[in-house]
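Dumping the structure here so I can ask a few things about it.
In this document, chain identifiers A, B, C and D correspond to the written order of the chains, with residue numbering beginning at 1 in each.
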Amino acid sequence: MFHFDTDYMEGAHPAVMQRLVETNMEQTPGYGTDHYCDKARGLIRQACGDETLDVYFLVGGTQTNSTIIDALLSHHEGVVAAETGHINVHESGAIESFGHKVLTLPSHAGKVDAHELAQFISDFYADETYEHMVAPGMLYISYPTEYGTIYSKQELQQLKSVCQKAQIPFFIDGARLGYGLSCDAADLTLSELTSLCDVLYIGGTKVGALFGECVVAHPGQLKHFTPLVKQHGALLAKGRLLGIQFEVLFTDNLYFRIARHAVEQAMLLKQGFISKGYQPFIDSPTNQQFFTLPNEVMDRLAQHHTFEMWGKRGDTHTTVRFVTSWATKREQVEALIADL
Amino acid sequence: MFHFDTDYMEGAHPAVMQRLVETNMEQTPGYGTDHYCDKARGLIRQACGDETLDVYFLVGGTQTNSTIIDALLSHHEGVVAAETGHINVHESGAIESFGHKVLTLPSHAGKVDAHELAQFISDFYADETYEHMVAPGMLYISYPTEYGTIYSKQELQQLKSVCQKAQIPFFIDGARLGYGLSCDAADLTLSELTSLCDVLYIGGTKVGALFGECVVAHPGQLKHFTPLVKQHGALLAKGRLLGIQFEVLFTDNLYFRIARHAVEQAMLLKQGFISKGYQPFIDSPTNQQFFTLPNEVMDRLAQHHTFEMWGKRGDTHTTVRFVTSWATKREQVEALIADL
Amino acid sequence: MFHFDTDYMEGAHPAVMQRLVETNMEQTPGYGTDHYCDKARGLIRQACGDETLDVYFLVGGTQTNSTIIDALLSHHEGVVAAETGHINVHESGAIESFGHKVLTLPSHAGKVDAHELAQFISDFYADETYEHMVAPGMLYISYPTEYGTIYSKQELQQLKSVCQKAQIPFFIDGARLGYGLSCDAADLTLSELTSLCDVLYIGGTKVGALFGECVVAHPGQLKHFTPLVKQHGALLAKGRLLGIQFEVLFTDNLYFRIARHAVEQAMLLKQGFISKGYQPFIDSPTNQQFFTLPNEVMDRLAQHHTFEMWGKRGDTHTTVRFVTSWATKREQVEALIADL
Amino acid sequence: MFHFDTDYMEGAHPAVMQRLVETNMEQTPGYGTDHYCDKARGLIRQACGDETLDVYFLVGGTQTNSTIIDALLSHHEGVVAAETGHINVHESGAIESFGHKVLTLPSHAGKVDAHELAQFISDFYADETYEHMVAPGMLYISYPTEYGTIYSKQELQQLKSVCQKAQIPFFIDGARLGYGLSCDAADLTLSELTSLCDVLYIGGTKVGALFGECVVAHPGQLKHFTPLVKQHGALLAKGRLLGIQFEVLFTDNLYFRIARHAVEQAMLLKQGFISKGYQPFIDSPTNQQFFTLPNEVMDRLAQHHTFEMWGKRGDTHTTVRFVTSWATKREQVEALIADL
C-alpha cells in the first residue's frame, strides 16, 4: 500500500536524521540559545538574502501561525485571509482562542486577490461604524496555498503594495514553502519572497524535517517574541533539535533539492492522469494534485493506494487529493498511474 | 566542561533514538492516530495499572499544562498551585493567556499543604462576595516539585481527599515524574499515583525522550481534548514520533531504569557535598540538588562545570542547583566533587 | 430636525424615568440582589409563561451577547450565526476576544435557514478532519433581525428541532424583541418564543429603558452565570436600576404597548413611501424600514431628517434605513412623508 | 434601618437625576458622540488642568479596569498591583479573562511601596529566565485604596519615578476618587494627581452618579480605545447618559462637595467610635472606616444598622467596615454612635 494522503507521513530526510543521531549526546543550553540554532539562523539569513532578519524556530504549523498572528495584531484587529485559509478552517479556532477574528476574503483557487483586499480595507474605513467592527490588522496568505497553487511575483507585489498603503503587516505561511518555490511556475526566489513580506515561515515538518518551522521576520516586526512563543507553549526545551535540522536542510540547498524531487513526482502523477483522460480539478504546479474521478475508479485505486477525499461531486464522482513528498518514489507514482 | 544546569541538555536515550531511526521511512497517518501511538497508549495504561485511562501525547511541558488546565476549568474558576509552581512562575503567563487565574498557596519546599488547601477552599465559600472572586476550580501540583522534593503517599491521599470533598479535579505535573518515583524516598508506584489523581502527565522531555509528554486521564476528565490540543498548537503532525518514544521508554521499564540512574548520580553528588561539609539547602531525594556555597567555591567550580544560580544569600554566598539526568556519567559527578 | 437614525436616541419612557426618580434615594444592596430585581424577575417569568426560568439583568447588548455565548460554549466550539448577525459584524470582535469563533451561514434578509443549518452541522461531522475544525456549539439568531425581518413560528420550530437533534443550545438576541413580537406579522407570543429557545434576551435599551437587557434562560443552561457576568464587566453595582426599569416595562404590558406604537409609526412611514412610488428594499414588518432612494431625494430629505446610509446602489441611488421607536411621534413621520 | 454597607446603595445625586429627567426626551447620536459628552469632556479636562487629555466614559468599575489594563499591556506583560488590589481579588478574574496576569506586591494598608516595586522590577530583569516569566508591564494602584487609605504626593511621585525609569505606564483606579481627594489628609489636587500618572479613572458610580466612570489618559496612552471599549462590552449605546452625569458632577465642583460631605460624616463616625474607646483597625482618612468590635457590640449595632464583616479576630471580635456616601445623613451617623 502506497500513501499519497499528505506530505508528513514519513519521518525526516535521512541526512537530517543522521545529524540528530550524531549530535544526540552533546550537552547544549535550552530554548534555542545553542550554537546549532545560531548557525542555522545564519544559514537562513543567507538563504533569504538579508543579514538583518530575525529568525526563530518553532515546532508546528498551527502554533507558529497562532503565535505570529498574536504578535502582529492589536486587540481591536483581525487577520485577513482567504476563506479557505488554513487558519480559518483547520486550526480548531487557535487564532480566535487568542482573541483574534479571521476576516475572510473570497478564495480564488486558494488565493486572495489584491483588488478585493484593497476594496475590503477601503470599505471598512468608509463605514461610519467601523469602530464597532474588527479592523483589518494584517494579511495572511499561504505559499503555496491549501490548493497547491502559487502566487506570481506580480500578485505578491500587488498584495505587498496594498498592505503598505494600509500600513498592515503581510505574513506568509510557508508550511509547504519548498514545494512552492521549487516548482516550474515559481517566478521568484526565497530572497525575493522574503523581501516582499514582513514575516514568513519556512515549513520544515512537511519538507524534510522531523518537525519544525522557521520564522523569518524583518527587524521590529515581532517584538518580545520569545516570551510570546513560551506563552503559546511553542518554545521547545531542546531547541537545538530545530537548529540542527534547519542547518542540515539549508546546507547545500538540501531543502529545495528534496522539494524539487517531490514536485517532479507530482508532475509525473499529473501527466499520468491527464494522459489517461482526466483533467485536473485545480491546476496546481506543486506537490498537491486534485482530480475528480468516477467513484468506481476511485474505489479501484483505493485498493492499493491511499489519498484524501476532497469533496463529493454528485453521486457518481469524487474530487480526490494526491500529495507527494520529498520521500515519494517514482515507482510509487508509476504504480498509481498503472492502476488507474 | 560538564553541565549540571538541567536535565534536558542532551538529546534522547540511545534506544529511543535508534527506534526513531529504524522507523523513519515508514508512512503512517498523522496526529497520533497511528499504530505506534496505539501501542504506546496500551503500554502506558499497563504501567499505570488501569485499562480505562485516556492517554494523549503532547510535545512540551508548558503546552501540556496549559491545555490540561484549560480543559479542566470553567470560565469562572482558577487553578490552585504552590506560589513556586511552574505554572505560576515560569510559563510566561500561558495559563492566564487562556483566561485562567493561578490561585496561590504557600510553598513548603515546593509543596502545598492539604490543610492549607482545605482552609483556602472553605474560606472562599465562606466569603459573602465569593461570586466576585475566582473560584478554586482544580488543584495543580508537581511531582517531584520544582525543588526536587516529593509528596508522600499520605500527603497525596490528603490532597485527593480535599479535592474530592470540594469536587475539583486533582492534576499532577510529572515533567520529572521518573526521577520522583524512582528515588528511595518514594513510597508509592506509578499505578498508585495514577489512582490518587484525576489527570497526570508523564514527562518524556526530561527523562529520556527527545521531546514529548504523555497525558493520562481518568475517563470523562478531558472532554473534547483532541480539538483543544490542536487549538493550543500542541497536536504534533507526525504524532507517531511521540508514540514511538513512549513505546521504547515503557518497554522493559526503561523509563524508570534510566531515571533511577540519574537519581543515583544525584545521591552521589549530594553525599559528596555533605562529606565536604556542605548541608543541602533543600533536602531533595531526586535528581535536583541545592547547596548554598561560598562565592569563591562557586566560582572555582564554575571553571569546569556549569550549574544554575538559585538565589543570592547575602554578599558572600549563593544557592546553586545541580541537576543530573539519565545521561549523567558517574565520572562527571566525581570530577565535580573532586573540584569542590 | 427629526431623527430616524436608530431606536436608542432618546432616554427612557417617562414612566420608567419617573420610577427611577421615585426610588432614587432608597438604599438597597447591590448587584441585583435587591427586592426590585426580585419583583422584576417574577414579572418576567410570568410574561414568559414559565416559573422555572432563570432571569438576569445586564446593561448592554454586546456584553449580554458576549457573556451568554461565553457561558454556553465549550473551548472547542463556535457560535453559528447569519453572516449579517450583529455578533459577526458590529461587536468589535467581542465574541472572539473571549476565544470563540463565529461560524457563519448565509443570510436570507437577515435570517438563517433551518435546512442550511442542518446541512452545515451534518457536513461538519461528516468531515474526517472535524477535530481540527471549530465545532458548531450553539445557534445565535436575532428576533427581529438586523434587517427588521422576523422568523415565523414554524421557522423557529424548525431551527429548534435542528438544535435539539444536534444537542446544541438555541439563543435568541432580542435587542429589539418588543418591535418583533408586537408587529402584525408575528405569529407567536413571548411565552411561545421562550419555549422554543434555550436562552433569550429581552432588549430594554431600544424599547423604553434607559439601558438594560434581561436574560431569560431555561434551568441549567447558564451555569455559574453571576461570576461570569462580573468577569465580563457586566454586573451593574446598582443592579436595582435594572430591576426597577423592567418592573415598570413589564407592568400593564407597557413594553409591548410602546413597541406596538413604534411599529405603527413604521407602518405609516412604509405606506407613505409606497404611496409615493417607492418599493421597500427589504419587506420589514417591524420598526426598521429600508428604501432605496435616488440620491437627490435622499439629499432633500436629509435637510430636515436624519437616517442611516445602508449602502450605495450605483452612482445614483442609495439604500437608506429609517427607524422608529417608542418615542417617535406621528407628526414626525408625516413630516418625513410630506418632504418626500 | 440605616445602611453603611457601601457607597453605592442609593441612586444618583438629585441634581444628576434632575438633569437626566430634563434631557430625557432629547434625541442624540449614540456611543458618546453627542454634545453632552463633548461638554463633559471639556469640564473634565479643565478639572484635571490639562487640555490635551483624552477623556472616555464607561459604565462600571470592573469593565473600566479590565479595558484600560487590556489597552496598556502587551501580551507578554502583567499588571503589578497590591495583593489586596480590587483587580486581584474582587473582579472574578476579569483581568485574566483577557489574558493578563496580576503580579502582586505586598499590601501596606492597601498601598504598594515604591522601593518594593523598584526591587520587584529589578529582580525580574536580573533573573536569567525572565523571558519565561510575565514581565511587569504597568502599575495599578487605587486612590483611595480598598482600605480607605491614601497615598501622599511624595509616595505617588516615587511610584511615578519608578514607573518612568522602567518605562511602564502608571494607572490609578479612582473608583472612590472624590472621597480621597476631598479628605483632610490629601496633599494634592486632581490636577496634580493627573500629572503624576498616565491613566486615571474618576469614579462616578460611588460618588453621586447613577453609574459611570470617567477615564482620563495622557495623549497616546490608550490607542484605538473606542473599539476596545466596544469589544469589552463597555460602550454604552445612550452614551449621553454618562456625559450628562459628569457634566453635572463637574459643574460648580459638585463632585468634590458631595464627596467632602461623605468624608465629614465618616470623620464624625470615626470620632464617635474613638470617643467610646474603640481604636480604628486601619487609620483611614476617607469614607471607609474599619473597627474591630466585640461580637456582642457588633450584634447590637446590627439590630438597627447594616455594615460589612471584614474578618473575624478570634472567637470574640470581628473587624467591621462602615461606609458613608454623598447621601449619608448626619442623623444616621449619630444614631449609629448612640447605639454603640
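A few remarks follow.
Following the convention adopted for this analysis, a contact is a pair of C-beta atoms (placed from the backbone, for glycine too) under 8 Å apart; a residue touches a chain by one contact, two chains touch by 3 or more.
The structure presented is a predicted model; accordingly, all values stated were derived computationally and were not measured.
Common neighbours of chain A and chain B, by the contact definition above: C, D. Ranking all chains by how far their C-alpha centres lie from the centre of chain B, first place goes to C. The distance from the centre of chain C to the centre of chain D, with each centre set as the mean of the Cα atoms, comes to 34 Å. Centroid to centroid, with C-alpha atoms defining each point, chain A and chain C lie 42 Å apart. Chain A and chain D have Cα centroids separated by 50 Å. Counting partners per residue, chain C has 75-76, 91-93, 97-99, 131-134, 227-228, 230-231 as the residues that reach two or more other chains.
In the complex of the two chains, the chain D residues touching chain B come out as 75-76, 78, 89-93, 96-102, 128-129, 131-134, 309.
Every residue of chain C that touches chain D in the complex is listed here, in rising order: 2-3, 5-6, 8-12, 14, 17, 20-21, 23-30, 59-64, 66-67, 91-94, 97-98, 205-206, 210-211, 227-228, 230-238, 241, 327. Note for the complex: chain D touches chain A at residues 70-71, 74-76, 98-99, 131-135, 223-224, 226-228, 230-231, 235.
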